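Before any comments, here is the structure.
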Amino acid sequence: MSAALSLNRLSLSAEQLAFQGIVQAALLEDLGQGDVTTDPLPQLVLLQKQALFRVRQNCVVSGLSVAALVCQMVDPALVFTPMLQDGDFTEAGTVIAQVEGAMASILKAERTALNFLQHLSGVATETRRYVQAVSGTETKITHTRKTTPGLRLLEQQAVIHGGGVPHRFNLGSCVMLKDNHLQALGDTNPNQAIAVAVKTLRAKISHTTKIEVEADTLAQVQQAIEAGADIILLDNMSPETIREALSFIQNRAIAEASGGISLETIRAYAETGVDIISTSKITLGVPAIDVGLDLD
Amino acid sequence: MSAALSLNRLSLSAEQLAFQGIVQAALLEDLGQGDVTTDPLPQLVLLQKQALFRVRQNCVVSGLSVAALVCQMVDPALVFTPMLQDGDFTEAGTVIAQVEGAMASILKAERTALNFLQHLSGVATETRRYVQAVSGTETKITHTRKTTPGLRLLEQQAVIHGGGVPHRFNLGSCVMLKDNHLQALGDTNPNQAIAVAVKTLRAKISHTTKIEVEADTLAQVQQAIEAGADIILLDNMSPETIREALSFIQNRAIAEASGGISLETIRAYAETGVDIISTSKITLGVPAIDVGLDLD
Amino acid sequence: MSAALSLNRLSLSAEQLAFQGIVQAALLEDLGQGDVTTDPLPQLVLLQKQALFRVRQNCVVSGLSVAALVCQMVDPALVFTPMLQDGDFTEAGTVIAQVEGAMASILKAERTALNFLQHLSGVATETRRYVQAVSGTETKITHTRKTTPGLRLLEQQAVIHGGGVPHRFNLGSCVMLKDNHLQALGDTNPNQAIAVAVKTLRAKISHTTKIEVEADTLAQVQQAIEAGADIILLDNMSPETIREALSFIQNRAIAEASGGISLETIRAYAETGVDIISTSKITLGVPAIDVGLDLD
Amino acid sequence: MSAALSLNRLSLSAEQLAFQGIVQAALLEDLGQGDVTTDPLPQLVLLQKQALFRVRQNCVVSGLSVAALVCQMVDPALVFTPMLQDGDFTEAGTVIAQVEGAMASILKAERTALNFLQHLSGVATETRRYVQAVSGTETKITHTRKTTPGLRLLEQQAVIHGGGVPHRFNLGSCVMLKDNHLQALGDTNPNQAIAVAVKTLRAKISHTTKIEVEADTLAQVQQAIEAGADIILLDNMSPETIREALSFIQNRAIAEASGGISLETIRAYAETGVDIISTSKITLGVPAIDVGLDLD
Amino acid sequence: MSAALSLNRLSLSAEQLAFQGIVQAALLEDLGQGDVTTDPLPQLVLLQKQALFRVRQNCVVSGLSVAALVCQMVDPALVFTPMLQDGDFTEAGTVIAQVEGAMASILKAERTALNFLQHLSGVATETRRYVQAVSGTETKITHTRKTTPGLRLLEQQAVIHGGGVPHRFNLGSCVMLKDNHLQALGDTNPNQAIAVAVKTLRAKISHTTKIEVEADTLAQVQQAIEAGADIILLDNMSPETIREALSFIQNRAIAEASGGISLETIRAYAETGVDIISTSKITLGVPAIDVGLDLD
Amino acid sequence: MSAALSLNRLSLSAEQLAFQGIVQAALLEDLGQGDVTTDPLPQLVLLQKQALFRVRQNCVVSGLSVAALVCQMVDPALVFTPMLQDGDFTEAGTVIAQVEGAMASILKAERTALNFLQHLSGVATETRRYVQAVSGTETKITHTRKTTPGLRLLEQQAVIHGGGVPHRFNLGSCVMLKDNHLQALGDTNPNQAIAVAVKTLRAKISHTTKIEVEADTLAQVQQAIEAGADIILLDNMSPETIREALSFIQNRAIAEASGGISLETIRAYAETGVDIISTSKITLGVPAIDVGLDLD
């Protein structure tokens, strides 16, 4: 405990600044008022150990910089060394990082670090499945706002690690006119709802902000294009309908397909030539990757 | 915006006090610096609407009190009325709650409320599957510490809503001597490691705290019982080995089975008569329940 | 102090959720450990008063919803009633809001509420000057990231209240390639720096995110257009050079002028037909509006 | 839990704004992740009860507004009604407040509310003993900065409730030149240390800030007076020495006695005519007042 | 102030993570908006000094790791070196730690560090008195939930430093059925209240959580044992009654005595053979230990 | 990102502890969920650069310690080296600090650091103008409470850097009886309002707290002096009236002039011999200083 001896430090990068809040919350959640198993056994503080984070499934790794922050917050004297980088694909059995320091500190950091790694690597790995399913096409894969509360930033990064691209981060990042907005706005003349809404918004929003319009029908696609939407969300359409929509859109807007698209059907969607497919299936209810911590 | 007119309020129960931090984090995450779709359309503030939270799958509902808090934080004038209670099983198509108020506020609260409901109802529903798989036995189902960072309290409650029981909340709730602890302590005489550790801990911990010991072998079960452990974690054992362990334990400790138990095999484990089965499968990578918000 | 009698409330809208942090910081800053003038004079708590927020200069009002939150945080029993709306232009002497309640509470809220109103109305009013200077043209006025630390959201809203439009909120809202980025990237072939950077970024960023490129020369304008930039920042150019740039751009990108543009010269810039002019002069060092609180 | 039914509210006065941080910390400390006794017994939520806060010793009451905030934070539907006011002296057996509402909420608020009341009433009551010991003299009683971490504001208010007056709140409230400062400054000419320090400080500090100088000897008293100190701290002097000091000071500064003054000796100090006596004995290690909560 | 020169650090252990909130609150409380005595005297920043924390009474030391954190938060360049460990008994005059660095920083950290050390060493030392009073018996000493708001974790550790053992940390750590719960539950059949409550709770709580039942009479002791309580709180009983209770309990539950037990009577209670005695007298209104900081 | 390699640190002085909240708020405001320009260009992380903070106008520098903290928070590996000190006057073109490290980190810290430097140097420089305008007189210049919300501490320090002196920090620092207080108190006998209020306050406030009374007329000056005010605020008086007031006050109180004093008229006020002049013009709507960051 001697501050004179433990010249350690809390190292934060700008990236870590953005997620230190959730990491601290997760640690306080797990550490509570102290570890009743480890704290009464002072020999665990004196014992210096090395432990290995090892994946037990093939996966895309995500969460190493989070795990590094977990270890530093628990004990700045812990030395966390990643063996590969977030976004790397690796095979079952690979050591992805090692941590060295007081056994007591390793035991306190273990579960929280693993919980982040398991979930985020799960998101990255699931994303990769979808990305591979469309390989050879020009179509990109992205997420939705159906994310785990508190973890959106990390899940978005995991999607990137898996080969996907980011969608709008939140309600402030991009206009998205959905059926609920249009229904609320368009009472008197539904056909004009999109045109009126886009015009009103364009006059008020930043010139750096795009407008995306959700279209459930080809008629709405046409209305959105004519209104000057930057992006058309082709919602719950079949590949055939999407082809029709695309032949109308003709690069006048970015075309995004979404709704009811599974790993089985996604290639058919990509082969329509749609620019991007968004799916909640890469963030919601995604299988976790089994990661363990082995004492050396 | 007139404060003279909007005599609303932020209603917090003691239960909500514990999770208001994660709710606020989730809202700030999604609202960002404002909703660029809704904010420039002031008619959405004036428009009073009613919307219905409807489940699209059979499920156990969990997260209603969280969704209520989300709505209140977004706009204290929103009136959120649950139609059933957390823990109720219901069928696809059921309206589980309604919210009434300014359309703009409903749109801002929608995604965050749904994200909580989808995930937590998923945990509750998955728990129910495991609970039903052991129905008729005395065995209880519980979670592990493999939970989503930041959501442990809510996931633990969802497990309860699904018919499970809580495990230790965190490292401060119960002693759990695992292989890593014993390995670190038992260098000179592994056979004595459990006895020494339990004795040391019993002298120092609260008389309100139990000691659980992880046993990988029957020999360790015997050592744990002799050391006076309150709970024995029978780790990664077959039902047959567990039966042997139980015949030795003979109610001198609570017997908990864990490790490699699936929905398919869990009944065989429960029929051994083990007191409780803990599994990460009810919190980790659990399928989300589809919940939507329909404008009335 | 009787909780049984003071059935008051803390009313927060989604809008106020975003700025309650800075309001609370400002209040704690001014209230310290109590008001040593008011607290020892209990008759000021008993005395019910009405006070009027009155502007002493012609101005565009901004900050009413902030002042409302200040009053509610100081004392939920204070009734704050705005007389007009944020964004309204009004003349010297106008009462813009009234507050009614315990004299002690009014005195505690006064300075903080006024400090917000004075500064934000200053920003809105200065913005209006620039907006009026370009009236009759199609050019819009927007802010930069040169804002007061902690107040960007409120200053951006004040710009809108003054007739301006928002620019990107922060580093996450829009790509902005500036000379420093290009210099760092373009060592081997400066002519290619823009093309390479835009291509790299376009492959990785969200399809909802625009790319703005800063151009100091017409050559760079051409490179930016060819690279497919969404917005070109015409930096520190004369109106003549901007005309040349615009004739080249031909609506293939949004043209933004910035740098060295004053209230005197802005009309000449607007008359070039540039889409938008950004200036730090509407947020930085802006004259405050004199607002006072008069006891009725 | 129906938000539609529980139209409750969180009532915060400006006074409570200053101590809501410590109240929330205390509640989270005691509630943890839920009350494992009360939460599984839903009949306690339905049961409406009234409970009485009753003091079991003669005392000066302090902490009623804190207890009110505790109750409101636990459950805004709890109705807390004080029967007397902070600062009132009352006898053993008196009901000082009542609380009415859900039994479960009362049980959750009970301990935290009592912990504040017991300690703060202890401080107020101890202060009253010192104040009474000097009754009839002009001398006032005040505290020092030896307070309980996190509770200084509440303890200062309790001192006032007991009849004392506040001292400087913290290092920012008033200059206090102590031996350590002078020793550090006065190496070359100790006799000049006070004069030099006061002159330097007076030129730099606010004209609203006073300068207090600690004097251990009559020589230092003289130096402090000549230097123009506003307050002289007569440290660890006998009543006789203080009389000498006072005859020299002659109202040119406020005289404060401190150090080694007990309840037994304080009257002798007050009878010297010293303006104020500060003592840590009214905040540090003060006996708590026994307060209980009785179900009606 | 040169960041290039001051390569200092903020060192936090997992232990310190749990109490950094209260330490920061205490520092902000004392430092306010700056130290008006020290800040205007820049020579105090340049002056390097060593100062010694010295106890002026025999005591058990507690709070050294807190004082270390205080010093690091004030100035990471301060080097704090403990001379002994929390939990050590030492005599008046002992230097328990030294701190070295800028005189200005030492002066700013002084009072806050001392306030923690004085109170926590007081708790540890008072605990030791009670522990010594029962020496030679098997009875352990523990605290209650009557602790100082915000300081429970540190006070619990101080109790351990004094030779005591921890009780449940908060309402989430252990079930405690008290008279108020039973009264609320047992209207129809008081004799059955304990049995019903224990059975209900056992079915719902974690298998890692114990159930403690408060018994005021021997009849209740019997009911609690028959209901299967893990711990019986023998409340406000005489040693004789406790003996009777123990002869009935016969190790079927842990027996805890509490209520009305003083330093004078505690040995008589311990000699009954009761397992543990809990008392608020070791945390509430405990005399502080005199600790000072001497410049070397 | 290797924690094993980046042995960096977060260096906080006591001074920085007080403003780290606003710095973190400003950084989170500008960094959002990541820098969409810099993050996708990993070569900017690898590129080590040196950049120079250069002022483009003659100015008094203020904000260097804030800029240092900004850089450290963004990336503890950034080395920030000030070239001069807060409070130094320097000429256009001077490099006031340099920062060295990863180009990506420099780009992320740039705008926030500059925003603080521009505004605070503006305050310091404007203060210097007022200070120089009264040079040769004994009159000091100070600020008011009309400051930018969230920035009062930094603006107060900037005033000191410009040669001014601090006024009361907030409502807790000094009593200030203004017309609103007196009006509220003095209904029955206005002539007695000041006397009664001062007497009441003096009995209750700390002996370390001064009392300032606002006087609009010479009659009020007389009342304030007779009441024993420590400071008289001569509000909105002409220099002639102030001379009359001073001849009456005769050093019995500190005389502060305020209200309607401009850079043009301030010397005439100072030549009256008034002790101090307070003005909002040095904090409110002050021109920013142009500061840039140049890549080396």
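The first chain written gets the first letter, and so on, giving A, B, C, D, E and F; residue counts start at 1 in each chain.
The rule is simple: a residue touches a chain if its C-beta (ideal position, glycine included) is under 8 Å from a C-beta of that chain, and two chains touch if they have at least 3 such contacts.
Worth saying up front: this structure is predicted, and the values here are computed from it rather than measured.
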For subunit A and subunit C, the touch-path distance in steps comes out at 1
Which chains make contact with subunit C and with subunit E at once?
-> A, B, D, F
What are the chains that subunit B and subunit F both touch?
-> A, C, D, E
How many degrees of rotation bring the Cα atoms of subunit C onto the matching Cα atoms of subunit D, given to the nearest 5?
-> 120
At the subunit B/subunit D interface, shared numbers over all numbers used: above half (same) or below half (different)?
-> different
Chain centre separation in whole Å, for subunit C relative to subunit B (CA means) = 43
Can you check how far apart subunit D and subunit F are, centre to centre, with Cα atoms defining each centre and the answer in Å?
-> 31
What whole-Å value do you get for the distance between subunit A and subunit B if each is reduced to the mean of its CA atoms?
-> 22
What parts of subunit A, by residue number, touch at least two of the other chains?
-> 9-10, 31-35, 108, 153, 169-170, 172-174, 204-206, 209
So, in the complex, the side of subunit C touching subunit F is made of residues 21-23, 25-26, 29-38, 40-41, 43-44, 47, 49, 103, 107-108, 110-112, 114-116, 118-119, 122, 145-153, 169-177, 180-181, 183-185, 197, 200-201, 204-206, 209, 280, 284-288, 295
Residue positions on subunit F within touch of subunit A in the complex are 1-4, 6-10, 27-28, 31-35, 39, 73-76, 104-105, 108-109
Can you list the residues on subunit C that touch subunit B in the complex?
-> 9-15, 17-18, 64-65, 68, 71-72, 79-82, 85, 153, 156, 169-170
Complex interface listing, subunit B residues touching subunit E = 140, 142, 160, 165-169, 172-174, 203-210, 212, 231, 254, 256, 275-276
